[in-house]
Amino acid sequence: MALLEAHDLSIAYDHRVAVADLSLTLKPAEITAIIGPNGAGKSTLLKSLNGQVRPSSGTILLDRQPLEKLNRRSISRRIAVVAQEAELRFPVTVLEFVLGGRFAWATNSGWGWETEQDLNIADAVIRETQMTELSGRLMNELSGGERQRALMARALATEAPILLLDEPTANLDLSHQATLLALVRNRCDRNEAAALVVTHDINLAAQFADHLLLMKEGRAVYSGTPEQVLQPQVLQDVFEVTVLVDAHPVTGGPRVTPVHDTYRHP
Amino acid sequence: MPARVDRVISLAPNLTEIVFAVGGGDRLVGRTSYCDYPPEAKSVTEVGDTLHPSLERVIALKPQVVLISTASQLEVFTQQLENQNIAVFVTDPHDLEGVFRSIDQIGEILGKKEQASTLVQSLRQRTNAVEQAVKQKPPVRVFYQLSAEPLYTAGHDSFVTDLMRRAGAISVTADIPGAWPKYSSESALASKPEAIILPTGGSMGTGNSKVAEALRQSPAVQQGRVYKIDDDHLVRPGPRAIDGLEEMARALHPDAFK
Amino acid sequence: MMNRVTLRKTIISCALLAAALLLAIVSMSLIGSEPLPVRASLCAIASLGSTSCGLTRDQFDILFQIRVPRILLAAAVGGSLATAGAGYQALLRNPLAEPYLLGISNGAAVGTMTALVFFGANEWTRPVLAFTGALLATLAVYRLARGRAGSTPERLILAGVIVTTFLSSVIVFVTTLMDATRIRSFTFWLLGDLSGTSGALLPVAITVAIAGALILTLNARSLNLLMLGERDAFDLGVEVGRVRVVVFVVASLLVGSSVAASGSVGYVGLVVPHLARLSLGSDNRISIPAAALGGAVFVIVADTLARTIIAPRELPVGAITALIGAPLFIYLLKRA
């Protein structure tokens, strides 16, 4: 049963078509990765899925209901977003930041106070993201990677079954990249969540995603399992670079290596 | 200062009135937009208002002398005129004696010494008459309300303070430094004036025709001793100030003028 | 490290500040250009206007007709401006956002001037036109600041500066059209003048101050998220558009009613919310009510200075708030 569906989505603004005739489905316990060159419309697509950008045509269904009929809070209870964070100009601790994820559940959203349950959930996700020693620190004292984990923690605190992640591994070093996606994987497996990850890192996507969507210039060029999508000819057409696709020695899945004309010869 | 002055510009209403009063009205080639008395003054070319006269206009009218009041704070303007070799006469009477002096001086500049003398003499006569009449009467404690909101009054350096003294009154704010201080409502209430002078009408129109909130319970209001006097007779240090003096004296000491 | 803000912490802080406000109201009522007997005055205040406390008729009038209304107006103006400042800072994600910088105060001033010049007699036109002016200035700032990526705080502040300077020129222009006698009193008013506590407008100012602070506090949790980023707030469930409208309208009302009553009292909307956040944290659930109460105390004290330093003459209260506020602000900037 699909949690989130998009049918024939087209998004245009400023006389440009960002996304054209795109359909996708997010099912529980599945990670879908969207890959493609810059300007392919990946981020725009992601923004439309929780209502931030309005499509010019097509429909988006959340739990089988049209997105535009739902109110802001009920959407936020079902969909959580991990995106590039804005500059923080006011001091806020990690705990306060993560508690922000409980907003959609507040019975009195205007001037409510966090409940016992909110605090427990926040503590749990802070533990899950290994931020426990940092929970009292101010957000702008943290490194880029640590802040990204806090963002992840906040999204997890919403307990939303649908996670939308826009380049979540951009600022992370190697160890944290894997950890973060492992968290997503965990959520999907344990809580039957669905995740949509926009990423530049094709190999990471290949390792973690169940489903891959390849976009170019706003259109879905190819979709399927990583094995199906990551074909050399397809990739060469989309990215306009020669690639070599072989089997990853450890995971057995596809591994993509770009082949350049000029090389350092050791 | 040239020997014979045919073209003079006045940059203050009181100075314009003095010019006409000494018979030099025909020599006036420029005035400010506030110079509205006597009526003949209105046909003279305007050069701006008292605070921002137009240097170009003034120069274009080729005056030999420009009359300026220091109250307008035109130091820079004065300097610019002097740079153009235009003679400048600056005056700012703080009291009646100062007014008489200014009349004499302007009379001299315009070659109307005789008329000026005669004028000053008759003004002095009227002043003395008033002062004599009220000498026997106990002075009335008066509050001069320049504006109600915010509350402004006449201070030590104000021209009107001298007038009030001569009219047989003690201004409750006579010792406050400055010319037009903003006054505390509490102190106004506590001063309990026996009479209130409201300068209104004239070029002020209907403004300032109500007593300030703080004074509504004062003895002055309770005894109906609130006197509206034409603003132009009180704040322009010129010949009509004597009119103001007489009006105030008559209002404050009616039985002295039977 | 600052602890998380809880309901308990908020109630305690606000209770303390409310007590400070009450103390300020009572103690500053005893100070003025005319000395009043302390015991008798306290008795009269405590008994809410009993005439059998030993005050003369005049002393009673000074206390209850002039001083207390003025102090209450100061509280209303201070509370309103501080609340509006806190609201703008949260909404625009910029600790420097302030009714002045954004041109809202000048918009309200132009509105008030229009009311004075064209509808002078009817005093109700002043707050109404002040609010209209503030709202129009807000809209102007908003339209100017709209960029392709939406209105970033930086563009908003820049647009605000443009609108402020434009409206300042309008004010100067109108001032030159006024006659000399009016200019003096008007210049004084522009710098903040709390001496005009005419009857009906005082309850209006107090009501607006309280209502405005309450409404913004009731949106505090949304503002907390908005403060972190508009996108974040949207994703987490805040109705960004609605909250934005509420803050702008309420803040315009607050600024409009303050300016209509007392001209432009500066620095309150900048310094007081800053101090509140520094001492209590950036959580708006505590910092907005704290700013409202603190702003009231601040302006009461500043106005007491304004009306006693050169007694019986008076200074515009805006001069005092600037003298206190500017160095304080520089100090706060250095600490940050």
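Order as written gives the chain letters A, B and C; numbering starts at 1 within each chain.
Here is the rule we go by: a residue touches a chain if its C-beta (ideal position, glycine included) is under 8 Å from a C-beta of that chain, and two chains touch if they have at least 3 such contacts.
Because the structure is a prediction, the values reported are computed rather than measured.
Measuring from the average of all protein CA coordinates, the nearest chain centre is that of C.
Taking each chain's centre as the mean of its C-alpha atoms, the one that lies farthest from the centre of chain A is B. Chain geometry summary: the mean Cα position of chain B and that of chain C are 40 Å apart.
Centre to centre, using the average C-alpha position, chain A and chain C are separated by 44 Å. Centre-to-centre separation of chain A and chain B, using mean CA positions: 80 Å.
Touching chain C in their complex are the following residues of chain B: 34, 49-52, 146-147, 149-152, 173, 176-178, 180-187, 189-190, 192, 203-204, 207, 213-214, 217. Against chain B, in their complex, chain C makes its touches with residues 32-34, 57-58, 61-62, 65-67, 70, 176, 179-185, 188-189, 193, 195-196, 198, 307, 311-314. Chain C contributes residues 1-2, 4, 6-7, 93-95, 148, 217-222, 224-225, 227-232, 234-239, 277, 281-283, 285 to its touches with chain A in the complex. Chain A makes touch with chain C in their complex at residues 14, 50, 52, 72-73, 75-77, 79-81, 83, 85-86, 88-93, 95-97, 99-101, 103-104, 106, 109-113, 136-137, 154, 158.
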